[in-house]
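Following are the structures in question.
Each of the next two complexes has chain A plus one more chain, namely chain B in the first and chain C in the second.
Entry: the complex of A and B
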C-alpha cells in the first residue's frame, strides 16, 4: 500500500469516528470538540487531494472562528441534552431502517461502478508552479464574479434578518445618552421656587 | 489569462435593484423618524423603475453575460414584470396590516426587495450556481419575513418549520445538481443539454441526480408529497407575508422548473415527465380533497394553491410525447399562463383576507366571510369573482387557464389525466362556492365596518376586475406568453 493511501485511510477512519461521536456524545461541548476533530481530518484529506488552500481555509475559518463561536454558544446556553434526546431510542429503529436503506441505495449508484478509479481517472498532475490559491482567486473575481457578488447579498440578508429579529429596545434597561447628559442645562434639573419666608416654628 | 469585462447592460435591472436595496438600507438608518414611510416609498419606486428598465431592455433576442451565467430573454422579462407587479401589489395590500400590528419596520421592505432580487436572479439564471444563489436569496428573505411577528409563537414556529424543511430541500437540490454536474461536466444549462445530446454521462448517475433535483423543485413549488410545510407556513405567517409567499415565488419556481428541466435537461424529458405526473396527480387529488375539510381560509387557500401548482405541472408534463416535440411550446406557454393567472388570483384572495382583518382581529376563519354582502356588497362581489375564477367557472381568467392546460394535456394524449383533473376541479368548486354561499346567504357574525386605506380598496377592486376582464379577453396575455416562449427557445 502506498503511503498516501495509508494516510487517507487513517484520516478517513478518524473522520468517520469523529462524525459518529458528534451525534452520539452526551455532552454538547464534547460533541463540538469532536466536530473540530472531524474538520481537521477532512482538511487532511483535502491536502492529499492537493487542495491546499481549501484545506487551510477549512481549519482557519471553521475551526478557528466558527467552532470557537459555537463552543461559546453551547457553553452559554443551558441545553438540557437529556430532554432533547427524549424519544431518541423509541424512534431509532425506524430512523435506522430508513437510514440504512438510503445508504444502500446510494452506495449502489455512487459505488465503484460509476465513480471508481476507472470511470473517473485522476486528472493530470499540475505543474510545479501551479498555485491553487491564485487560481481560486482568479476565477472568483473574473468568471464567477456574478455568484460571488450575489453571495455577498445573501450574507447581507442573513445579517439584516438576524438584527431585525433579535434587536429590541428593552424597557427595563437604564440606558443613558451621553450627548443629552452633556447638553443638560441648569434649568432642566433645578427649579427655583420663590416662597415666602416663614418664621421658625418652635415646637 | 484573458478576461473580458462582462456586459452589464442585460442585467441592468438586477444591478439597479441591488444598488437600491443598499441605498434604502443606508437611507433608513439616517432618517429614523420617517424610516418606514421612506423604505416603503423607495421600494415601490425601485420596483417601478426596475419594471421600466426591464420593459425597455426586453427584446426578442437572447443575451448572455457574466460568463454565460446570466440569460436575458423574453420569457425572463415577462416573468420579471409579473414579479415586480406581484411584489408591489403585495406590499401595498400588506402595509396597513403590518402597521396595525406594529410590524411595519423598514427592514420588512428591504427584505421584500432583496427577495425580489433573488427571484430576478432565478428567472434569469443560465447556470446552476446562479440559480441556487438566487433561490437562497429569495428563501432566506422569506424565512425572515415569516418570523417577522416576533411576539407570535405561531409565526416563529412557522418560520422554523419553513427554514428547516427549506434547508433540507436546498440540500437535496444541491445534491442533485452536483450529480448532474458530475455526469455531464457542465453547470451551464446549454452545456448540459449539449452533453446530454452527445450521450455523455452515465444514465444511472444522471437519473439519480434528476430524482434529487425533482425533490428540491417539488418542495419549492409546494406539491405533494413535499407539501407539508405549505398549510402550516401559510397559516402561521402574518397574512401580509402569506400573500408574499403565495404569489411571486410561484412565478420564480415556475421559472426555475423551466430553466432546469426544459432548458437544461430536455433530453431526459421522458424521465422527468413521469415524475411530474406522479407529483401532479397527487397534488390535484390531495389539494382539493384536503381543502374541503378546512375551516381556516388561509389553510384552505394553501391547499387550493397545492392543487393549482399540480395543475400547472400537468401542462409542463405534456410537452414531449414519445420524442415528438410538436406540442412543447403550446404546453409550456399554457403552464406559464396558468402560473401568471394563479398569481393574479392569489393576490386578490389574500388581499381580501387582509381587507377584512383589522388591528387585533384576524379574519382567517372562513366564517368571517359570512354575510359579507350585507357589509360591503362591492367587496363581496370581488371575492365572488376570485372564488369563481379559482374554481374555473367560465368566463373568468381561471377558466381559460384550466382550459389551456387541459387542451395541452389532451393534445399530449393523456385523456385519463384530463378527466381526473376535471373531476377534481369539480370537487374543488365545492369549497370555493361555499365561501360565496356564506357571503351571500348567511348572516354576518362580525359586523364591524370594513376600514381600509383608499389605495388598498382601489387596487383590490382593480385586481378583482382584472380577473373578470382577463377572463373575457384572455387572448392578449395568452399570446404574450406564447410569443415570449417562442423567442426564448
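Entry: the complex of A and C
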C-alpha cells in the first residue's frame, strides 16, 4: 500500500469514528469537540487531494470560528439528555427515510455514468510552482465573479437579518462614551479646598 | 552537510525522511522551550527594572537559574483534578493550549531555506493554527466545572475571535503587496525597492508603507495572546486567574508555556511579516538568522514594556477597540492598499 493511501485510510477512519461520536456522544460539549475532530480529519483528506487552500480554510473558518461559537452556546445551555432522547423511536422512521434517500442519491450520482470514478480521470500532477490559492482566486474573481458576489450579498443579507431580529434596545443600559471619559480633566472632578490647619492639637 | 549525513541516512533506510524531520522538530522545540523559560526570567527582570526593583537575583548568578528552579518546583507538584471536573477534558485543556503554539513553528522561516515545511500557504496555515489557540482556554474553562474558569473562558473566546478578524485583515494587506502566502517569499519581497537600493533596507520593509497595519497587528497580537493590558481573561482582581484557577503543578505550567510560546510566535510573525525577517537593516551588513532573533526579541520587549506600563483595559473597552476601531481601520486600509497598488504611484512593482 502506498503511504498516501495509508494516510487516507487513517484520516477516513478517524473522520467516520468522530462523525458517529458526534451523534452518539451523551454530552453535547463532547459532541461539539468530536465535530471539531471530524473537521480536522476532513481537512487532512483535502490536503491529500492537494487542495491546501480549501483544507486550511476549513480549519480556519469552521474550527477556528464557527465551532468556537458553537461551543460557546452549547456550554451555556443546560441541556437535559434524557428529554432529548425521548422522541428517538418515534422520529426514527423519518430519520431513516431521509438517510436512505441521501444514500440512494449519492449512489446515483457517484455510481452514474457522468460523475462516477471511471468518468473522472485522475488530474495531471501539478507542477512545482502551481499555487492552489492563486488558481482559486483567479477563477473566483474572473470566471465566477457574479455568482461569487451574489453569494456574498446573500450572506450579508442573512447577517443583517440575524442582527436585526435579535437586536433589542435595553432601556436600563447606560451607554458610556469612552472619548468623553478620556477627555475628563482633573479640574472637572476634583476641587481642592484649602482649609486652615487646626491649631490646638491634643498630644 | 549532505555528504556528512549520507552514512546516517543509509543506516535508517526508508525511515530516514521521518527521522530527519523529527530531528529538525527537536532542533526547533528544544531551543524554543529554553527561550520560553528565559522569557519568564527576562519579563521579571525587565518589569523589575522598570519599577525600580532588581527582580529575581537569588538563584544562581544574577538569578539566572530562577526559571529552572520554577520549572522544578512545578514539575514536582501534585496535579489536583477537582471532583466535579470532566477529567478527560480537564487534562486535554492545557495540552490544547500548548500544542498550537508549537505546531505553528513548522512554517516559520528562520533564514533563507531554514524552515521545516516550506508551505505555499504558510500564512494561511499560521492564521489557522493561531485560531486554534482559543480551544485550550475554552476546554479548560468548561472542564473545570467552576464559575471563575468558565467566565474566563467566555471572555477569552470572545476576545480572541474579535482580534483574530483584525489580525486577518492586517495579514491580507501584507498578502496583497507581496502577492504570496509563502512566508519565505513574503520576507524576500521586502528586500527590494527604492530604499533598499540606497542601502537603507529597513525603510523598505512592510512596516513603513503599512504602518497602521503594523500597529494594529502588534496590538492585536498582544490581545490575541491575552497579555497585559488585555489580560482580562485572568484578571486576578476580578476572576482570580480565569481558566487556570483549578490547575496546579505541571498542568498549570503547560498553560504558562503556551502563553509564552505564543508571545514568541506572535513576535516572530511580526518580524517576518513587517520587519523583514532575517534581512539586514542596512546594505553593508550581511543577512542572517541573528537579525531575525534580534527583531523577535525587540517585539518581545515591546510586550514586556506594555505590561509594565499600561493598566488593564476594562472588558467592554477591549471589545469596543476590537470591533469598532480596529476592524473598520483595517477594512479601509485593505481597500486603500488595493487601490494604491493599481495606481501609477504603486511602490511594489
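We take it that the second predicted complex is superposed on the first by the 138 of 203 C-alpha atoms of A that agree within 3 Å, B and C clash if a C-alpha of one lies under 4 Å from a C-alpha of the other, contacts with A are read in each partner's own complex, and residues count from 1 in each chain.
What we mean here is this: a contact is a pair of C-beta atoms (placed from the backbone, for glycine too) under 8 Å apart; a residue touches a chain by one contact, two chains touch by 3 or more.
Note that this is a predicted model, so its numbers are computed, not measured.
Enquirer: What does the overlay on chain A give for chain B and chain C, a clash or a fit?
Expert: Chain B and chain C fit side by side in the superposed model.
Enquirer: Quick check on the superposed pair: does A:53 touch chain B, chain C, both, or neither? Answer first, second, both or neither.
Expert: A:53 sits against chain C, while chain B stays out of touch.
Enquirer: Let me test your reading of the model: by the given contact rule, A:138 touches which partner, first (chain B), second (chain C), both or neither?
Expert: first
Enquirer: Scan A:64 for contacts with chain B and chain C and give back first, second, both or neither.
Expert: In the superposed model, A:64 contacts chain C only, not chain B.
Enquirer: Just checking: does A:29 make contact with chain B only, chain C only, both, or neither of them? Give me first, second, both or neither.
Expert: second
Enquirer: Between chain B and chain C, once the two complexes are placed on the common chain, what is the minimum CA to CA distance in Å?
Expert: 16
Enquirer: Spell out the part of chain A that touches chain C in their complex, as residue ranges.
Expert: On the chain A side, the touching residues are 27, 29-30, 33, 36, 52-53, 56-57, 59-60, 63-65, 68-69, 71-72, 75-76, 131-133, 176, 178.
Enquirer: Quick one: in the complex, what on chain C touches chain A?
Expert: 86, 89, 119-121, 124-125, 127-128, 131-132, 134-135, 138-139, 142, 150, 153-154, 157-158, 161, 164, 181, 316-317, 320
Enquirer: What does chain B use to touch chain A in their complex?
Expert: Within the complex, chain B touches chain A at residues 1, 3, 6, 18, 21-22, 25, 66-67, 69-70, 105, 107, 110-111, 114, 117, 121, 127, 129-130, 133-134, 136-137, 140-141, 143-144, 147-148, 150, 182, 202, 204-205, 208.
Enquirer: Could you pull out which chain A residues touch chain B in their complex?
Expert: 109-110, 114-115, 119, 138, 142-147, 149-151, 153-154, 156-158, 160-161, 163-165, 168
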